[in-house]
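Please read the structure below before turning to the comments.
Chain naming follows the written order as A, B, C and D, and within any one chain the residues start at number 1.
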């Protein structure tokens, strides 16, 4: 069975395992205050060209999302997100459990626009009978890449920043798969740009080569105030915090974080171009490490005997979109075999 | 200025004021355990033909909604509602503040169907990768009448009950304007039916003749367990609870609750039939005490000089729907004057 | 049966009932934005000599406490209170339900000192391994009078203010029984002083002559930001808000609020002095409207046949403290009868 | 510097690191549903002689505590714990952030008794004016070993179980350092006994040889219902859940979990007996891996030049209790050196 159903099937890149083993018997203090975390923070500040950014390490994405959002909002405030946003769909209501509504915007490709945010905020702050009967928008949450593999351009992010400034909203970018976004062909973002444009974003480790771990980069000092209390209260303060430091130290040494993503993107592109050539339609136009191919259900059933992948959604009575992911760990031969198989797909 | 913008412009029906003054110097214990509350509870149980129903008095609608929903759900559970549902739009995130997501269903007229609930639950409980990544549906919230003045039929409620049983969901009916629903021409519901069909519903006082107050009727004993703790924790336990008892005692004596509504409905019908005759279109087909007339913006501007009402929404570039409410306190001459005025409206 | 078990046995002072009846058919907008609320706000600002103070009306004490505290604190912050504080003991965890810990200080008489607060804060902010593993103190909650009938002096409040400034804590005074505190013989506080010294306090109506209602006075503008959202989310925004405005309008006209309290204090003093003369010991030295007399259990049992009061606590194997409350509505003859009865108490 | 300040200074036991490296490139599904987790669950069920117990893996202690407690309680319920309990002091209000009060009992040695629980519950459920004004006790939380290194006997736990049954409370045992408790000389508990006696307990990994991880063992099926939703919502569902499975697989193979603890206990006993012989007083009588020695402040200052340890608390004007921890990773020579040093301590 060739497994392509997600990008967290294996452990960590061997360089990370080596670092963990090598440092195993070191004695350090806990809770992220050790020298490895300190070093990793410096490396990330450098990569962001932002020595003033605060960097905090958390274990996973849901934890990071709820810690950041919970720390940012007042009780009556909500966070704007695409209907398909991870916080709205796949976190078992973790944001609501912190007391906050997710204010959703429709989106076909997972992205939201500055115009949508503007209209939602205008409707709220200029409501006829006073806005206080409704949840106050206070943050915009986006993912890059989105759940659908699409990416924001620098222009789009700049526009979101401006509408956030207009209504005094925080801008928060979930980067669970950030490396794959930054490595994709039509990307024009950089860590520096993200750290200047958002109030907070995070650099995903779990899906990008680490065993686990997300590095939250907070550029807005008011959001950083007492942030360690928020981490601890949310159960996100790892006792042996150095495990996170060591992993991000390794990822941000010798460009590893980006070269791992480059491998995944090269294979994903290979698949994409091949499918394009075969006139297989795509559910989303994804330049990142997830490809959503629309194929006949009967063919998909056949394919599942040799490949594992996710059935994303029915697209019509006889077809579905199937999601194929590459990662730092994907072998090129797997993609070659998949392409060969696809060539036998009946035309849609 | 003739005011028709909502149904809580005045104090209470004079019979209620009389009762409050008459009992003012009585000494009673607090927190809803006094003889007036006891009596009112009995009167409501009788009106529901349900001596086993538990009856609790709360001060307002938002408070009742969050107390009931918060008491019913486990932390990872959510409540299904129409997108336009009061809990989703007009309670400043009170439900989310209790930790729960509102799982929304699209609806044009404010009603949701058993089929919609079934599809949402099916998608959840049979999710490909395990349902635990998503909020678990556990309750259906409906209003009767809805925000749009529409009402459920006994058949529709029965179907909702069945789908609730299928997926083990509570069925909760918000009756903030219940009297107007029960008094409307095409109603086929009764308090008895509601108490048999829902797990919990409430009988609105605030908008139906009282100074304030909602009577929650709980038929499902598991929901009633420790409910007084929930009321107290939610800040809903009125120290001088008898004020609620006295009001509901009065409303449920000599059929007052229903006769007040009958007055409002008669005037609302008068307006509705007149507008129909004039070929004025309606935004919703409402048989209750709210009428949503679509009129030219220029005419509405003119009308606002003499009448107050709510501009509900733009319906096209030059028209809007305007909401006119009647209540137990509305004078017939006001509706007559409005009808006369409408006769001068340019045809749409 | 002569009832002295609490200070909310009756409805409202007749002047309030008159005002409610007289205004009953007025049409006003809802949610506390009507002219009566506006007028009452002005009267209270004047009484506080503080035209910049924000005044909000809420229905009850628990609701006010959780709304104020929930609006003030960040998620990882807590509120300091006496162990016997109402928020810690008698609100069914309403503060915790908003996510906040009550950080308790021991107190025999219900009061806490600046020194206690200082030590608690010092221990927190200078904790050996970083304070972020513990709840951060951010507010001091006191009641005046306390649950035990005791009152703070201006000097004590000034000291609390200073320690709050030192550690950047909010100072919040629960005034559920405030009128009785301000009217007592050894009081040296005033509404003006309270509004200058606290960040927020409230003027209790429920226990001081109103049907219900508490007026929160917020002097610190940062606390007032978006406060109406907080009221709505907490279910505390009364639809017919004018009911609160009309009551406080009445209480703050012709000095009613204070003259009602003066009556209660006069009777409470009469009881206190009589008991002192009889050498009956007191559980607390209360100059306000609650007297806590230590009496033999056998005598209390006898007394309960004619008088209702609260058994506060056992003080030894054969004695208990009993609480007797006076209020604006207490008749002098009741206190006279009680005194006569007490004269038959066996000496302790 | 010889470090003895806590029991999580190093990474993991080498056998765990080996297992992680060996399995690194395996492809498995996520979220704890992989074969390693399945295997580890079986091994723990066997060790508990309880094939019906549910076993869930979480990353850390605070996360486990809030997930278990949040899943167990209704909103108005609280958890009983010692004042010094970890959930009350060192989790930044994580329990309150889930909405629940910690109902504290005084304790000098970190343990609470059945009698204390009984009195607290009796006072609640038989409260004079109805219990609903107070938080309802619904769970007892204990740690074994406690924060102070003390342990419960089977008799004491049995009594707690009975009082829990009497008042229908859950019994939850925090086993962050469980291995050290089970390995200590006067222990008479076993995993089997714990799984029969508690509703839920957890087997600590972080402080007992793993990189991280706690295994919650739930014997009460009603507590286990939907527990995976609770884990996910609390941000505790590790994407690469197998990391937890692999670690517990290793710990529960060849008795590793217990032999690691035996090493720590042997060294701790060595220290304890030596200190006893020197007549050094102990703050607590701890048979586990933490020793709390009372020493002159001047000597402690001297000692800190070569050893790191925690200053626990001042015991009088010139002495403090110092905490020394051993662990699976402590070298015997370190303890020998410490003992040699202590011999130079001035007698107290």
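Just so we're on the same page, a contact is a pair of C-beta atoms (placed from the backbone, for glycine too) under 8 Å apart; a residue touches a chain by one contact, two chains touch by 3 or more.
Note that the structure is a prediction, hence the values are computed from the model and not measured.
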(request) Could you pull out the chain whose C-alpha mean position is farthest off from that of chain B? (result) D
(message) Report the inter-centroid distance (CA atoms only) between chain B and chain C in whole Å.
(response) 34
(message) Roughly how far is chain A from chain B, centre to centre by C-alpha average, rounded to an integer in Å?
(response) 42
(message) From the mean C-alpha coordinate of chain A to that of chain C, what's the distance rounded to whole Å?
(response) 50
(request) Indicate the residues of chain B shared as contacts by at least two other chains. (result) 75-76, 91-93, 97-99, 132-133, 229, 232-233, 237
(request) Considering only which chains touch which, label the overall pattern as line, ring, star, complete or other. (result) complete
(request) Enumerate the contact residues on chain D facing chain C in the complex. (result) 75-76, 78, 89-93, 96-97, 99-102, 128-129, 132-136, 310-311
(message) Taking the touch rule as given, give the residues of chain A at its contact with chain D in the complex, in rising order.
(response) 3, 6, 8-12, 14, 17, 20-21, 23-30, 59-63, 66-67, 91-94, 97-98, 206-207, 211-212, 229, 232-240, 243, 329
(request) Could you please specify the touching residues of chain D with respect to chain B in the complex? (result) 31, 33, 70-71, 74-76, 98-99, 130-133, 136, 226, 228-233, 237
